[in-house]
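Shared between the two complexes below is chain A, which pairs with chain B and chain C, respectively.
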Partner chain A sequence: MERSYKAQKVIDRLGQKLNRQVVGSLVACVHCGNCTDSCHYVLANPDDPTYAPAWKGDRLRKIFKKHFDWTGRVVPWWVGAKSPETDADLEELKDIVFGKCTNCRRCTMNCPMGVDFATFNRLTRGLLVHVGIMPEGVAVVSKDQWELGNQMGVLKEDYIDTVEWMSDELVDEVGDDKAAIPIDKSDVEVMYTINPREAKYDPRTISDAAKIFWAAGESYTMPSEGWDMTNFGLFSGDDELGGTVSRRVYEKAQALRAKKVVISECGHGYRSTLCEGANWAQFDVDFVMESSVQTMLRYIKEGKIKVDKSLNISSYTYHDSCNFARSCGMTEEPRELLNLVVSDFREMYPNRAENYCCTGGGGAMSMTEYTPQRLKSARVKADQLKATGAKVVVTSCHNCVDGLTDLIKHYGLDMEVTQLVNLVANSLLVEKAAEVPEAEHAVSTTLAFAGRTILVVDDEADARRFIATVLEDNGATVLQAVDGDEALQMMRDKKPDLVTLDLSMPGKDGGRVFEEIRNDSELSGARVCIITGKPELRRLIYERPVREPEGYINKPIQEDVLVSNLRRILELTNKAA
Partner chain B sequence: MSEQLHFAEHTLQEVALGFMALVYCIRIYWFTRFTAGKERQPPTGPASTTPRKGILFSWGIIGMPWAMESSRKNMFMWLQFVLFHMGVVAAIGLSFIIPYLPEVLAIAGVIPTLQVLTGTACVIGVMRMIRRLGGKHMRAISTPDDVFSLLLLTVWFAFAFQAVPNSTANGEWQLMTYFWMTAFFLVYVPFSKISHYLYYPFTRYYLGKSMGRRGVFPFERGQPQAAPTGTPGAPALANVGAIQRVKA
Partner chain C sequence: MTASHLVTLVPSLNDARQHSWGAFMCAENREKKVNGRTIRLLQHDITLLEGVDAFVFYAQHDLRLGSGWGNAIMSRGGPSIQKELDALGRIETCQVVVTGAGELKAKHILHAVGPRFQEANLEAKLKKTVSEVLAQADKAGLESLAIPPMGYGFYGVPLPMTAKVMVDTIKEHLESHKDSKLKDVVICLNDKREIAPFESRLSALN
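Up next is the complex of A and B:
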């Protein structure tokens, strides 16, 4: 049988990508099995050896041995050498390297031989991505990052709008115009870069960070481009993407003549921007880079900001992000900071470089086809969290926020997830806060959706009930529709201010409903927020020949994400109107 | 001593050693032809962790059973590894002592020591074989080379054990088998997984350098704290002493 074109390409590309570190890891494994128990997938699937790190590592090792090593070329069966021959073989490999490993590097730390499996698992992902074999979600996110400069498809206008919105809110909150968030200011001390998740789902972290910069009197700016410090290249194994994305950040910092790039709390963003990015981009960085955790800690230590830990009243534990702790050694600063802003801190075991992955790492949250196995493996983390007895888990990584939130919901834990920036902002003592006029107080205490009518379209009763309850709690009048036809009818009859539209519905799916809305002269102006459990379906919406939706949210939905996104849509489109 | 035994102890060993050395030189040349990835990232983590410290820690980690969870939680396995490799050193040493320094064996305690080392290693080899073939996970990651290498060493230890007294009183076959096996082993090793020791300095060097630069190595242990036990379904969580990093 002739080898498939893609399989041959993968083999050729492997030859180009091999460096001494990777070859060392490929030849040095003694198959001792010492790494087996270090993997959370193994612990959750004790009877399935295909989760063992060495077994997974052997998938690439086989190809390497068959084509690049000695014994494998002569007597392949003796050392388990084997070529991929068909595209189906590559698909199978894809399900292993993307679906059975989060590249958390815990096995690397536990290998006596120094085999860095996570690194060559990433390389294997890159080989497959090179020939177009990858989970749909990886393709979507990579495409967004290539084309739009950020991995969540946030349009530049939306990003700027969101920053300005947060800026206005902050100015209102503290009553000081100087608290406004600068964009593209040159010759500043700090250029602040964020995770697009903040712009999209969690803008509060932007205003919290801005509040801290303002309180510290920092000269800073947010850039209009190169603001996404995350890097899907780390997950997809695509070094070209990795280099391009980090170069955008570096070049923007240079253009603004910023002395320092501060990277908001994000494990993989920190690792990509600070550690790997310079390697991928072949770029010698001539400015300082640090995590916002270090920045906040320094502000407190230098007395630039004052905090009162009694304002954070719950019990807290800390989850070390794999990229932050295990790959970048950032273990003590977050704890030091946390202890300055909370009184009840409870360590999680094991921790630091030995912590277990949140199970959403390595881009796992974007690969919905592997969600069941991800959540199964998350039991290890759930047990770890439960054992702390804490009510809140703090983490310095947006990816971990999503991973942890999902597993907490799945395992029914009574816990919340937050980040250090939120705790620091919450405990911040602002000495000279200006008097906020009465009227503004009144606005800020009004329910978010008071006076608004929102139509929730979803075929799943549970999802509808959840969304409706959250919206009603926030003052909305909620209408509900179970399918597309009912939704269209209700829109005509009731003219809601906003529609949340589920994509996967039996019969007329959300995509078709959306297109009908946009093509209907009576309905086309409606504000629509797409809600989907499959991020890869988003493309079907954005590639339609109609005006884009006002927003989209991924399932599982978090209450605050839902509220802040819908608020954003209503407020920004109000402004635009 | 028969001529055949003399040949096995000398000429055969020298040829096999020469062959091994040659193949190893080619192997190292092959390996170093792959360029090492350059690291441009600025250092991160506490100042007490440097690439140099990271490298030293990384090389030494194998002798620090407390440093890695995998050895800390399986001390017995780690001990097996140590004793097995002490057996390797003893059995290799023996292949030099008998032909070139047989008087060493006359020193009191040398024979029993070598026999204890090779005998223990042989028993561990058997245990390891049971583990490798008996466990689902181990079987899944084992190739014929893994099984054969272990079998080869285990049988070789058994013959080394018998060869230690360097006596032909009961015939030459034990010595003869030991030396022929040693020669075979020397020739086979460069093509098998046993050549791992050749790569160990490199893999651990690069990992240590990178991890040291990034503030991960060395793990600095402060007060070990007991992990909560009884976390259902997650055996690895039990009895884990957490690593406590001490800030510089």
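Up next is the complex of A and C:
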């Protein structure tokens, strides 16, 4: 049988990509099995040998032996040399390198021979992406980042609207015009870069960071482009994407003559922008880069900001992101900072470089076809979290926030996830220029939903009632629907300004209802906020069978989160209209 | 958004001429005349261009707009574009279909399915796709057209190949189609690093 065109291209490409480090890793494995139990996939699937790092590594090793190593040419049967021959072989390889490994590098730590399996797992991903074989979510996200400059498809006007909106909110909150968030200001000390997840679904992290910069009197700016410090090239194995994305950040920092780039809390963003990007981009970086964790810690140590740890009253543990801790050695700064802003900190075991992956790493959150095996492997992390007895898990990574949130729902843990920036902002002691009276707050919140009609779709009467009450208290006219069909009908009849849609409903589930809304020419423009904790949400966000929802909120719903998220959606609609 | 951000966001081609931002490039090697018509380079968001009749979108076989520029077209242009595409069904590699541009500034979008991911005969297919784009532009009587770096980026066509095929094919078309109404062909680039290969190809034209 003749080898398929794509299979041949993969083999050719491997030849171009081999370097001493990779070859060293490929030939060094002595199959001692030391790494086996270090992998969370193995621990959750003890009877399935196909999850073992060495077994997974052998998939690439076989190709290498067959085509590039003399042993494979002389005694192929002895060393297990084997080529991929068909497109189906490549699909199988895809399910291993994308579906059975998060590139967390924990196995690397436990290999006496220094085999860095994650590196050649990434390399194999790159070989497949090169010929167009990848999970749908990886394709969607990569294309967004190539073309729109960020991996969540945030349009420039939406990004700027969001930053300006958070800026206005902050100025109102602290009563000082100087708290406004500058955009594209040049000759500043700091250019602050973020994860697009913040602009899209978690803007509070932006205003929290801005509040800290303001309190510290920092000269900073957010850039209008080159603001996404995440990099899907790290996950997809596409070095060219990696270089293109990091170059955008670097070029913008130079154009603004910023002395330093501060990277918000994101493990893979930090690793990509600070450690790998300059190499991918072949770029001469002439400015400093640091994590916002280091920035915040320095502000406190230098007395630029004052914090009161009694303002964070829960019990906290810390999850080390693989990229942040294991790959970049950032283990002590987050702990030092955390201990400055909370009093009840409980260490998780194992921790630091030995910590287990959140199971959402390596782009796993975007690969929804592997969700069941991802959540199964998350049992290891769930046990780790539970054993701490803490109510809140803190992490310095947006990817981990999503990975942990999903597994907390899945395993029914009574925990929340937060980031250091939120805790620092919450414990900040600031002298308010002018105290805004409570009454004024009430008025402005009331105005937020006044004149708005919001449709609440949820099968549970309690949830519906709760949301409806909050919205009505804030001036909205509320419509209620108990299932998808009723919701669609009401949307046609009443044309609400916004719909909150529960994803888990019996009968036609919320995901299907959402797709119907988007595919219906009359309803497709509707603003929809998904209410859920279900992993199905990830499919809507990453694979985007239809245009993604305007926002989402996790259950159980917190009142302030509900109000601020819905306000954001409506506020931005206002501006666009 | 404030006015100052809007300026960098949606400069018309005329505004952009005066703009210091660097988006518009009118240096010698970034603009060439062929038969009295212009081929030029611009660094801009292609879906926001003003002053062109149409722009090209590197489409998928099933004509779903999808992510990337497709996402921008959908969000900024409204639902009518996807609706038109749905009625057209599916197209093959090297084929091009034309739709309206909804609420976008351009009047039309040319949806072109080019080769992707190292597929066989990449260069020949790319050339055929670019030719078909220009043929469709003539058929629609367009005077100005913006084309992105076809196939470069997500679809993995090497940048030098994209630059060579595009510049050469556009030049050949403008030379050989005397009846073409096209006066202004804009090669609309996304990143600064994409400029150099196009510049050198353009300046090599005589």
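Note that in this section the second predicted complex is superposed on the first by the 454 of 577 C-alpha atoms of A that agree within 3 Å, B and C clash if a C-alpha of one lies under 4 Å from a C-alpha of the other, contacts with A are read in each partner's own complex, and residues count from 1 in each chain.
In this section, contacts are C-beta pairs under 8 Å (C-beta built on N, C-alpha and C of every residue); 3 or more make two chains touch, one makes a residue touch a chain.
All values derive from a computational prediction rather than experimental measurement.
Using the contact criterion defined above for the overlaid structures, shared-chain residue A:His31 touches chain B, although it does not reach chain C. Judged by the touch definition given at the top, the superposed model places A:Thr371 against neither chain B nor chain C.
Within the superposed three-chain model, A:Arg547 lies in touch with chain C and out of touch with chain B [touch as defined at top]. When the shared chain is aligned, chain B comes close enough to touch A:Glu347, but chain C does not. When both complexes are overlaid on chain A, the residue A:Val285 reaches chain B alone and has no touch with chain C. In the superposed model, A:Lys143 lies in contact with chain C only, and not with chain B. Considering which of chain B and chain C touches more of chain A, the answer is B. Touch criterion met: A:Gly153 reaches chain C, while chain B stays clear of it. In the superposition on chain A, A:Val79 makes contact with chain B only, not with chain C. Within the complex, the chain A residues that touch chain C are 5-6, 9, 130-132, 139-144, 146-148, 153, 155-157, 160-161, 164, 183-184, 224, 244, 247-248, 251, 521, 524-525, 544, 547, 575. Touching chain A in their complex are the following residues of chain C: 1-2, 5, 8-9, 45, 66-72, 74-76, 78-79, 83, 116-120, 153-156, 190-193. Contacts from chain B toward chain A in the complex involve residues 27, 31-32, 34-42, 44-46, 49, 58, 61-62, 68-71, 73-74, 77, 81, 135-146, 148, 191-193, 195-196, 199-200, 202-204, 206-208, 211, 214-216, 219, 225, 227-228, 231-237, 240, 242-245, 247.
Across the complex, chain B is touched by residues 18-25, 27-38, 42-44, 47, 49-50, 52, 54-55, 58, 70-71, 77-80, 108-116, 274-279, 282-285, 288-289, 325-332, 336, 347, 349-354, 379-380, 383-384, 386-387 of chain A.
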